[in-house]
Amino acid sequence: MSRPDLSVNLGQLRLPNPIMVASGTFGYGLEYERLVDLNQLGALVVRSLTLRPQVGNAPLRLAETPAGMLNAIGLQNEGVEAFILETLPRLRAYSVPLIVSIAGESPEEYAQVAERLQRTSGLAGLELNLACPSPSHRAFDTAPQLTAEVVRAVRQTTDLPLFAKLSANGGDLVPIAQSAVEAGADGLTLIHSVAGLAVNPHTRRFRLASRVGHLTGPAIKPIALCAVWQVRQALPEVPLIGVGGITSLDDVLEFLLVGATAVQVGTGNYLCATLSTDLVGALTDYLTQNEIGTVRELVGAVRDVM
Amino acid sequence: MSRPDLSVNLGQLRLPNPIMVASGTFGYGLEYERLVDLNQLGALVVRSLTLRPQVGNAPLRLAETPAGMLNAIGLQNEGVEAFILETLPRLRAYSVPLIVSIAGESPEEYAQVAERLQRTSGLAGLELNLACPSPSHRAFDTAPQLTAEVVRAVRQTTDLPLFAKLSANGGDLVPIAQSAVEAGADGLTLIHSVAGLAVNPHTRRFRLASRVGHLTGPAIKPIALCAVWQVRQALPEVPLIGVGGITSLDDVLEFLLVGATAVQVGTGNYLCATLSTDLVGALTDYLTQNEIGTVRELVGAVRDVM
Amino acid sequence: MASWELQAVVVEHRQRAPNQYELILHAPPIAQTAQPGQYVLVRPMETLAPLWRRPYSILRANPDKGVISIFYSVQSQFTELLSLKPLGSQMSVLGPLGHGFQREQGVQRHILVAGGFGAPPLSFFASRLVSALSPDEQILILAGARRRDLLVGLDEFRALGAEVRIATEDGSQGYAGRVTDLLSEALCEPLPSAVYACGPNRMLQMVCEICLVGRVPCQVSVETPMPCGVGACLGCAVKVRAPNGAIWYKRACTDGPVFRAEEVDWE
Amino acid sequence: MASWELQAVVVEHRQRAPNQYELILHAPPIAQTAQPGQYVLVRPMETLAPLWRRPYSILRANPDKGVISIFYSVQSQFTELLSLKPLGSQMSVLGPLGHGFQREQGVQRHILVAGGFGAPPLSFFASRLVSALSPDEQILILAGARRRDLLVGLDEFRALGAEVRIATEDGSQGYAGRVTDLLSEALCEPLPSAVYACGPNRMLQMVCEICLVGRVPCQVSVETPMPCGVGACLGCAVKVRAPNGAIWYKRACTDGPVFRAEEVDWE
C-alpha cells in the first residue's frame, strides 16, 4: 500500500500532519530542538505572548494531581517584540508551520500583539488564548460576547488563520464557540484546561501561589473529548483542534473520531520528550496497517455502541 | 488527650462524623452491609430515587478513564414507593443518619418524591440530584433559575434538611449555589461530576451507550476542590459537603481545609469497600496525633503558600 | 453470601507459560467459602491509574491452607502491575463475589466450554465436579483460543482425567476453527448433556444460541467491567428478558457472573 | 548541552540500606556526558498516576560501561514503582539535564554539605574533584540527616578518602544537631574554602546565609518539581535577584539545579 496521507486542512491552513504541540507546554520549541525533530510536527504552537514581557507568577507554580497537573505560570514570556527580534529568527530555520499564541488583558491588547505579528513573516497562524491566566485576570472564554470582542478585534488586524482556544469553564461551550466563529475565527482549539485547585494537607497551604490553577493532562481527556464532540455536533463545518490529556496513539484517535481535525500534545510532552513526533510515526503506522488512505477519514467517524 | 470530636453540623443536621458515602455509588447501603459497619458512617446517602421505577440505560454504562471513570446508569432505581415499602424498613435497623437523594424530570416530580418521603419516618435529610442523568434529560444545575425552581418546589413539601447537589458543568457555580440557598436549601453538595466522553479507538464506538457520561473519581478532585473553595468564598455561612475523588485521608483533609464541613466518598468505595469507615478511623487518628480537639477546626483553614 | 475485604499476602507467583501467570494469595476466609465461578476483585498497588480493581476468577481454593489462586496474562498496565507483585507483598482483595456455576442435575455429560481466559473458573468447577461425579456421569472439556499459545489451563483439565478437546482458530493445535464448532459436534452425540461456558462474550452468545436451539441446559459466565462487585453501582448491567418478554437489567457482579442461557438478551 | 530521550535498561538494582536503593541503568550517551550535579528524569512505568517523571541526581557515571546510577528511597507511589523494576526491564530516561557544580578556583578546601538525599550529586562531584585535586587542596564532607538511618552515601564519601563529619538531628550518629552547625564551625577554621550544598531547600537557605555572611563562594542545588527538565514549561521557577535588586524567575531545571548563593532570593 502507498504511504497514507496525513495532511489535514484547518480552513485555509494545510498541515503536513495533525499532531501539533500545545501552547506553553513546549516553550518556544527551541528548548526541545536537540531532542525533537521539530520539522516532523504538524505545527508548533509557541507559548502565549503578550504585548509586554511578563515575569509570571511567584512559585509554587505547579502541582501534580491524579493523572493530571495544575499550572499557574502566569504567562511568563518575553513579550511579542523580543519574540520577533530574538526568537523568531531562530525558529525560521525550521519548516514546521508556526502558530503563535496570543494573550492579553483586553481585546485591544490582543489586537496589538496580532497586529505586530501580522507585520512579520513566517507565521502559519495565530491562536488566541482566551482562558484566564490567574484569578486576578479576566477570562474571555466564559461568555459569548467577551469571546467575540477579542476575536473581532484581532480579526480586524490580521489575515492570518485564526484559532480561538477555549477552556471548559464557561458552562455550555456551544454558544461561546459559535460567537468565536461568527466573530471571525477560522477554527477552535478545545480545550485549554479546567479550573482546579489543590491543597497540601501537611502544611495546610494551597499548592499554588495563585490558589486556583489550570488542570491539564490525562485526567481531563474525557472532558476535552466531550467538548470537541459537542461543538462538532453544533458546528460541523468548523475545523476543531483537540487538546487535553493526549499521551498515546489511542488518545489521538479518540480526538479525531469525535471530530477534531488536528490535535495538540501538551502535558504528554513531559512523559516523553519525543511523544509528539513518536505519535506522528505511530499514526502513520496505524493508517498503513489499517489501510486507511487519509487520516481525514477518521475525523468525526465515531459510531454508537450498538 | 481525650477523644477528638468528629461531629459536624450541616445547618440543623448533626452528623457523628464528616464522612458520608455518595449517592448512587453505595447502592441503598444494604449491598455493603456485610462488609462495612454502616453505623460508623457520618451519613449514608442512598441512590437517587424517582417517582416511578426506572430501568436505567442500556449497557455499556461505564468506562474507565485516567484516574477516573464515566458512568451513565440512567437513574436505575426501584422508585420512591418501593423504596419506602421494601428498602427503608431494612435500613431502619441502622442508626446511621439516612439521606435520600431525589431526581426527577421536573420540579413537580422532585416535589412529589419529597412529599412522599416527608410522610415517612427515619430520614435525616434529602439531597437533590440536580445533574443531568443522560443527554436526553434536562439538567437543573446549569442555570440559577432552574435550580431555584426545583429547590423551591421541594422546600414547600418538606421540613427535612435539604441539600442541593450541583455538578460543575454550568460555568460559574456561585450564582447557581446562591440561588439554591435563596430558594431554601440548607446546604450544598459539591460536586456531582463533570460531563465527559470516551471512545474505544479499536471499535471506533463510544464507550457509553449514552455517549456522554458523568466523570467521577480522583481525576476530578482538583475541580471539586476548586468548586468548594469558590462557593465557600462567596457563601461562607452555607454548609458545604465536598465530593469528588476522595480516596485517602489527605483527600478528606483537602476538602475540609477548603471549606467543606463534611465529605462524601463515591468512586473510592470501589478501590476498597471499607474505605469510608477506614477514613473515619484515619481521621480520628489524625486529630488525636495532631491534638486537634474538633474536626471543625479544620474547616476552611487553608492558608496561602507564603 | 458473605465476602471479605482484606489484605492478602502473595505466597507464590509463577509464570506458567509465556505470558500466563498464576498468583497464589493467602486469604483464608475467601479460601474457605469460594465456590467455582466466583471471583475476587484485586488491587495490586495504590496507584490511581488504572483506577478500578479488576475481577479474576478463582482458579483454585484450598480451605486448609487458606489460599486461593488466580490465573492471568499481562495485557495492559493493570496486569503489568499485578505481574510485578513480589512474594510476601500484600494486596487488597475483595471476595469471594458473585454467583458461580451450579451443577445441573439429571445429565450424563457436563460439557465445559472454555475460551482463552475463560478456563480458570471452569477448571475450579471441574475439580469440584470430579469429586462428586456419579459413575454414569462424565466431564468433557472443550478449550479454544485464537492461537495455541493462548490456550489456558490444559494441564489442570488433563490432571482431572477429563476428556479435553481443543480448537484453535489458526489451527496451531487441535481442531482448526472455533470452540463452538466442537460444541455443536459434541451435542450431536446422544448423551444428555449440560453446558457451562466462560470466555469472550461473543463466544458465549454463540454457546447460548446453540444450547437454546438444542434445548440443552446451559450456564454462561459473562464479562463486564465490575468496579464494585457487590451490586451497588449498577454499572455491570446485563440485559435480561423474562419469559413474558419483559426486559430489564441484572447485575453481572452479584446476580451473575454466571447466568442461565435463556435469561440473557444478547440483542 | 545535549541530552537524550531513551529507553534505558536496568542492569543492576540493589538495596544498599534499609529503604535506600541504587539503580544502575545502561544509557551510554548519558553516561558519556554526565557532569556532577546533573540529573535525569525517569519514568519507571507507563501508568498515568503518578503522572510526572521525577528528577534523580546522577550518582555515578561510567562512560566506558555506558552506565549511570541513581540512588533513591521509597517515599511514595512513584518510588514504589521504581523499586519494583526488575533487572533487564526498560524505562524511559531523559538526561543528562541541568547545570551541575563547578569547581571553585583558588580555594584550599572544598566543603560539600549533604542533607539526606542531597548526597548523590555531591558524591559524584567529590569523585571527580578528587582526581583533579592539587596537593594543597582538600575535600571536607558534611553529611546530615534527621536520624542515623536517613544518612546517605557515607560509604562513597569515605571511599574517596575525604574527611567526613556527620550530624544527626536526634544525635543517633555524630554531632547532635544540624549539618549547618557543622558548616559554621568548619568555616571558622582558617582555610580559604568553597561550599557546595544539596539537600532540603530550608537547609540550602541556611547554607546560603552562612556563606554570604562569611563571603564564602557557595553553590547550592535546589529542589522543585521538574516536569519537563528542558526549560519549556516554566514551572520550576526559582526567584532570583540581580545585584541591582531586580527580581525575576530562573528555571531550576536548566538554569540550575545548581545556583550561586548570591543569586537565589529565598524570601
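The first chain written gets the first letter, and so on, giving A, B, C and D; residue counts start at 1 in each chain.
We take it that contacts are C-beta pairs under 8 Å (C-beta built on N, C-alpha and C of every residue); 3 or more make two chains touch, one makes a residue touch a chain.
No experiment lies behind these values; they were computed from the predicted model shown.
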Based on mean C-alpha positions, I'd like to know which chain lies farthest from chain B.
D
More Cb-Cb contact pairs, comparing B-D against A-D, go to A-D
Chain C to chain D, mean C-alpha position gap in Å, rounds to 52
Distance between chain B and chain D based on Cα centroids, please, to the nearest Å.
46
Separation of the C-alpha centres, chain A versus chain B, in whole Å, is 34
As a quick test, compute the distance in whole Å between the mean CA positions of chain A and chain D.
35
Multi-partner residues of chain A (at least 2 other chains):
58-59, 65-68, 217-218, 306
Could you pull out the residues of chain D that touch at least 2 other chains?
48-50
Hey, which residues of chain B end up touching chain C in the complex?
24-27, 31-32, 34-35, 47, 55-59, 61-69, 71, 73, 76, 217-218, 247, 267, 269-274
Taking the touch rule as given, give the residues of chain D at its contact with chain A in the complex, in rising order.
2-5, 43, 48-53, 92, 94, 224-225, 227-228, 230-239, 247-249, 254
In their complex, what parts of chain A are in touch with chain B?
58-60, 65-68, 70, 142, 169-172, 194-199, 201, 204-209, 211-213, 215, 217-223, 225-226, 229-230, 245, 249-250, 253-254, 257-258, 301-306
List the residues on chain D that touch chain B in their complex, please.
48-49, 267
Given the complex, residues on chain A that touch chain C span 66-67, 218, 306
